[in-house]
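First chain written, first letter: the chains are A, B, C and D, and each begins at residue 1.
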Amino acid sequence: MRSSLFEALFVPEELLLATSDARWLDAMCAVERALARASAQAGVIPAPAAEAIADACAPGHFDAAKIMAEGHRVANPAEPLVRRLREVNEWAHHGATSQDIIDTAMMLVAKTARELIFEQLDAVAENCARLADEHRATEMAARTLLQQAVPTTFGLKAAGWLVGVVEARRRLAAVELAAQLGGAGGTLAAFGGKGPEVLHLLAEELGLAEPPLPWHSNRVRVAELAGALELVAGACGKVAGDVILLAQTEVGEVTPPGGGSTAMAHKHNPASAVVAVAAARQVAPRIDLIGEHERSAGAWQAEWPALAQALAYTGGAAAATRETLAGLEVHAERMRANIAPELGDYPAADDTLIDRALEWYGG
Amino acid sequence: MRSSLFEALFVPEELLLATSDARWLDAMCAVERALARASAQAGVIPAPAAEAIADACAPGHFDAAKIMAEGHRVANPAEPLVRRLREVNEWAHHGATSQDIIDTAMMLVAKTARELIFEQLDAVAENCARLADEHRATEMAARTLLQQAVPTTFGLKAAGWLVGVVEARRRLAAVELAAQLGGAGGTLAAFGGKGPEVLHLLAEELGLAEPPLPWHSNRVRVAELAGALELVAGACGKVAGDVILLAQTEVGEVTPPGGGSTAMAHKHNPASAVVAVAAARQVAPRIDLIGEHERSAGAWQAEWPALAQALAYTGGAAAATRETLAGLEVHAERMRANIAPELGDYPAADDTLIDRALEWYGG
Amino acid sequence: MRSSLFEALFVPEELLLATSDARWLDAMCAVERALARASAQAGVIPAPAAEAIADACAPGHFDAAKIMAEGHRVANPAEPLVRRLREVNEWAHHGATSQDIIDTAMMLVAKTARELIFEQLDAVAENCARLADEHRATEMAARTLLQQAVPTTFGLKAAGWLVGVVEARRRLAAVELAAQLGGAGGTLAAFGGKGPEVLHLLAEELGLAEPPLPWHSNRVRVAELAGALELVAGACGKVAGDVILLAQTEVGEVTPPGGGSTAMAHKHNPASAVVAVAAARQVAPRIDLIGEHERSAGAWQAEWPALAQALAYTGGAAAATRETLAGLEVHAERMRANIAPELGDYPAADDTLIDRALEWYGG
Amino acid sequence: MRSSLFEALFVPEELLLATSDARWLDAMCAVERALARASAQAGVIPAPAAEAIADACAPGHFDAAKIMAEGHRVANPAEPLVRRLREVNEWAHHGATSQDIIDTAMMLVAKTARELIFEQLDAVAENCARLADEHRATEMAARTLLQQAVPTTFGLKAAGWLVGVVEARRRLAAVELAAQLGGAGGTLAAFGGKGPEVLHLLAEELGLAEPPLPWHSNRVRVAELAGALELVAGACGKVAGDVILLAQTEVGEVTPPGGGSTAMAHKHNPASAVVAVAAARQVAPRIDLIGEHERSAGAWQAEWPALAQALAYTGGAAAATRETLAGLEVHAERMRANIAPELGDYPAADDTLIDRALEWYGG
């Protein structure tokens, strides 16, 4: 799989693959297959038709680049697929519309990508928890407005990162990924009274939630997903940002993994942390809830690259934050030595807070 | 209460008041009062001190304009308040930092404003449900990419609005508004081991949630709140946007409340709906999760006006959408007459969908 | 003048005043007055009518709060004004539409606010130039990715700030503020062939540019203005951000003006610089160029508060940056002392660069 | 060339290619080659070294996918290239830093992509001008807030599009694309007094402007470019958006090019216009001017994909708008027939306005 527009620098290959055109196409095929089966089960289309369609919908059967290019002419990538499937069997796509296929495929892509993001995120959280536990007695300066304020511990700082990352992860996990099926106008009319049953079976077959209503014109769940990705990316970026500040030459309290400079032999750049912040800053998908009538003319289509990019870069932010923490050298001596004398007048951090955070995390 | 920067045109007075400088100051006073009482209850400060502080913290005691202006010099509005309170009693603000007061006050402001938003939003939802029920048999064209697609009903359209609005409302309702207390560096150190107890009592006193950890440096919950406001504003804007499209001269399927034009006697502008869309489009608060260390230098401070504005304009969007629906004239005849002949070949909408949505709403 | 939503903390009073509802109303009156005079001069309306209208349009004649509140009902603040003016004289607003008045008033408000921003910005630039000149030999570490890289001078750093601020200022100065006059549909039809002449005279009277065409439906110039404000705010924020980093406890190379903390006597917060960054981060107006037909239903109306806020906060960012630099203590010894030994291997900065920048600035 | 993340649907192949990783790498090679030659000409490096380096820098010499993947480890794509070039000749990259190469390459990529955008944009403008001229007498309704207001002509509407598109184009054309050279800290120190001369020669060799100062830490010109792309995309989106509204079933005043639906034989979707709006809505690059010191840790790196994407999608918006207008059928009869009777009371558009716009365009 090749990338363009710099993705390979910021996003791990598995995430790029999971959000690639090829996987969107696979997901669209999975939706058509599941729709055919659900429709056959509900008695809406003949069982042999469903099997013929399902066979044609094997992953990798169609050429994603061609489908996308043809999709330009009709402003959606489902139409070229549906055309091919109907050549296989006239019952293909029966009762559905392009948006059903693309929206449901978007949820499938999101589901897979979310799992990959969780893998990275869980490792980030584990690293935070480990640092919180290991460094519960590692005194350092708390800094507000970038001025030393009072003593804290590196453990408590890491516990703060932990809570942020886990809160964001829980928010993302709570986003309900639902199947979409409505037909041409979102009315389910073409299923002859069996629409709700087909929707139920479709959702079940694909492991997605069943929505209260077709959501073709209600983009709340897409915006909610986008917002949760922003939280995750931001919570990771917060960790990486703090690491970069702690790694400053004049502070020197941590050494994050990184590489050399093209110009200076002495220099050690906090490369992973920088990638994490840069990736996190790319995650700002604009999902426009104010679309026109039963399918919007522009806002909906803009969701596809926006969400694909947000999933990929959120994964990138999480992966680079994981790298940053996994390879982080903590200089406890320097942390102590940096504490300004004036801070000696202030009491030490309440060390039950770390236990509290770890308990919350474990619970 | 006066406004500036056009707010009075877009935001109902009660919402503007609820997010005004004066109410932020009241909220900060409420936090100082609750902190004093919680601290006294935990045995951290003397009870008479707590009462003296509580007395000084009555709403309206201080001049918000003065406090804000003085706040400029120190980059926060809590310092001028704390200075005054300490003149009243030296135990005022004991163990706390400016951010504790402002963050908790922000949650109180959000709590009150959220209730006001809910009032508007519930009325929007009721109107959607009423229209869904009343117009379950009112046939109209479903329009995708602004082209007539297949028949639907105005009831089903309204049911779609309903689900979007209620999903967004539930998301906003689920945002946990939590007290913040951490002291100068977020360590609770100045409470001599009683920090967690004081935090618990503070949260209880103010009717806010108790967070797993002080969240001074973890802005996930603020961004989550901001994101939920965007959903609410967007879901309202979607309704208003559709109304504007239906009210087009050439469509004429609804007449929303509105007013005349300065230049043309014949013209009826969909004013409320336009205000709703414009207000909704103002709701895009940028909460930066990547702040520096234990208190960020810029990103945190930018949250205050951003959140105040987002709360106000979300309320504005909801209120104007409510006005739009409450005064909406529906022209069922025109809806039917507008359906293009080609749509006659397609089956009618599955009318169980409306029941499904209403049941979900009621349940 | 009162403010709400925190503006007084971030924005100087003069800027808040310049962008307030009252001044927008004054500006709308100025447009109606100029329109009446231009129309009389072109022979479109009687001269005595023009004088009666001009008299009624004196600044402060109408109550801004009332006008804004009434404007809610019709989704624009010009209608209530026009109603009042027509009671004075039936020729008031002849040939024009609400948007003509509001758009041209927006340009007048922008013009005045821009001058105030320039005042602040010119002082920022002067301070940068002074620091560049004074510190041309003050060696310090250049820092890339927050790691010390090679030696530079504080003078060169300040020269870099200077160029950014001045480039942004020049961009803002180059934005053409133009009168808008088109009448109900942007056709100038109601002026009986004299529309272009009235537009010419109107622009002249108000000291605004004459556009190639009425721009009611073409928002490029508004978006261009918004973009230039973002540049100015960002260029100021860059200066303030660097100051905050240099003022870190562990770096200590500058002491910016600021105030104490509510919790810690020893602490000196870089308050002005923090206000500057926070104000700059508020400047991100979303001007939607994709509006509907001859006047958009939502996007246009959203411009008013967006632009008012952007003007105000850009001024706030510039003013706070000016305060930051005007009161900045530079610790040249500490700058030298902080340079890491490894940097000794690298040659000193090319000192002709400062002259180059100062020459460019002066030229 | 393959794409991912949906680009092929929205962006013409030539634009995708122009902004691809491969072309960024070619551009980085071009910068290294020009730097070597400029340095040799200035006597900073030996002439034969320059030739050896130039030879190694031929387009396509290195594998972009490999370079990007390796770039992840050091948070920049120049380091892997420089490592390879130094194996060829030790004088490669002499005096420069990664940022010099990437920033200047970014300007080269922008230069090429801008030319491609101009090609599309000029065709858009030509089409607007043609429509303005052809339809100067084609009466239609002007619509404000989506209500019919007064009569206008389709010619005048197209003239309004023309002015917006050309204003945006002129803004983009006015953005100065400049070479960047500063060395490790932006001081030009490593060129032994010949830095300014090398910068001058480098800019000349590459056909880029010479900046007043190295701009590594001053991102005004990048943000200005980003802003100009937003204007262009938005001005195109405005045209496409209006076309979509005019093509509504109930309006039917134009038929834009497009394709069928997967569900409905009768339906003609305004596909190109939808692609144009969707692409335009993707153009919202966030360039953060507030970066840290001499090279920011995250904000700078985030510019690369942001700008690549903005260039690509602006091209996509322009190309799809061109397609839309080139294939637009205008139904003059329907335009006239749609005019509501009440509009008969209002005078016709001032037809000199079209000449005025065409003259301005031609001039």
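Convention: a residue touches a chain if its C-beta (ideal position, glycine included) is under 8 Å from a C-beta of that chain, and two chains touch if they have at least 3 such contacts.
Keep in mind it's a predicted model, so treat the numbers as computed, not measured.
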Quiz prompt | Between A-C and B-C, the pair with more C-beta contacts | solution = B-C
Exercise. Taking CA centroids for every chain, report which one is farthest away from chain B.
Key: D
Practice problem: Return the distance between the CA-based centres of chain A and chain C, expressed in whole Å. | Solution: 37
Quiz prompt | Chain centre separation (chain C, chain D; CA means) in Å | solution = 26
Quiz item: Approximately how many whole Å separate the CA-defined centres of chain B and chain C?
Solution: 28
Quiz prompt | Multi-partner residues of chain A (at least 2 other chains) | solution = 75, 97, 143-146, 149-150, 183-184, 190, 237, 240-241, 244-245, 261, 263-264, 269-270, 274, 277, 280-281, 288, 290, 297-298, 346
Practice problem: Provide the residue numbers of chain B that touch chain C in the complex, in ascending order. | Solution: 1-10, 16, 19-21, 24, 65, 68-69, 71-75, 77-79, 82-83, 93, 96-98, 183-184, 190, 237, 240-241, 244, 258-264, 269-282, 284, 286, 288, 297-302, 304-306, 308-309, 312
Quiz item: Where on chain C is chain D touching in the complex?
Solution: 75, 97, 99, 142-146, 149-152, 156-157, 159-161, 163-164, 167-168, 171, 183-193, 195-196, 211-215, 217-221, 223-224, 227-228, 230-231, 234-235, 237-238, 241-242, 245, 277, 280-281, 288-297, 346-350, 352-353, 356-357, 360
Quiz item: Which chain A residues qualify as touching chain C in the complex?
Solution: 141, 143-150, 244-245, 247-251, 261, 263-264, 266-270, 274, 290, 298, 338, 340, 342-343, 345-346
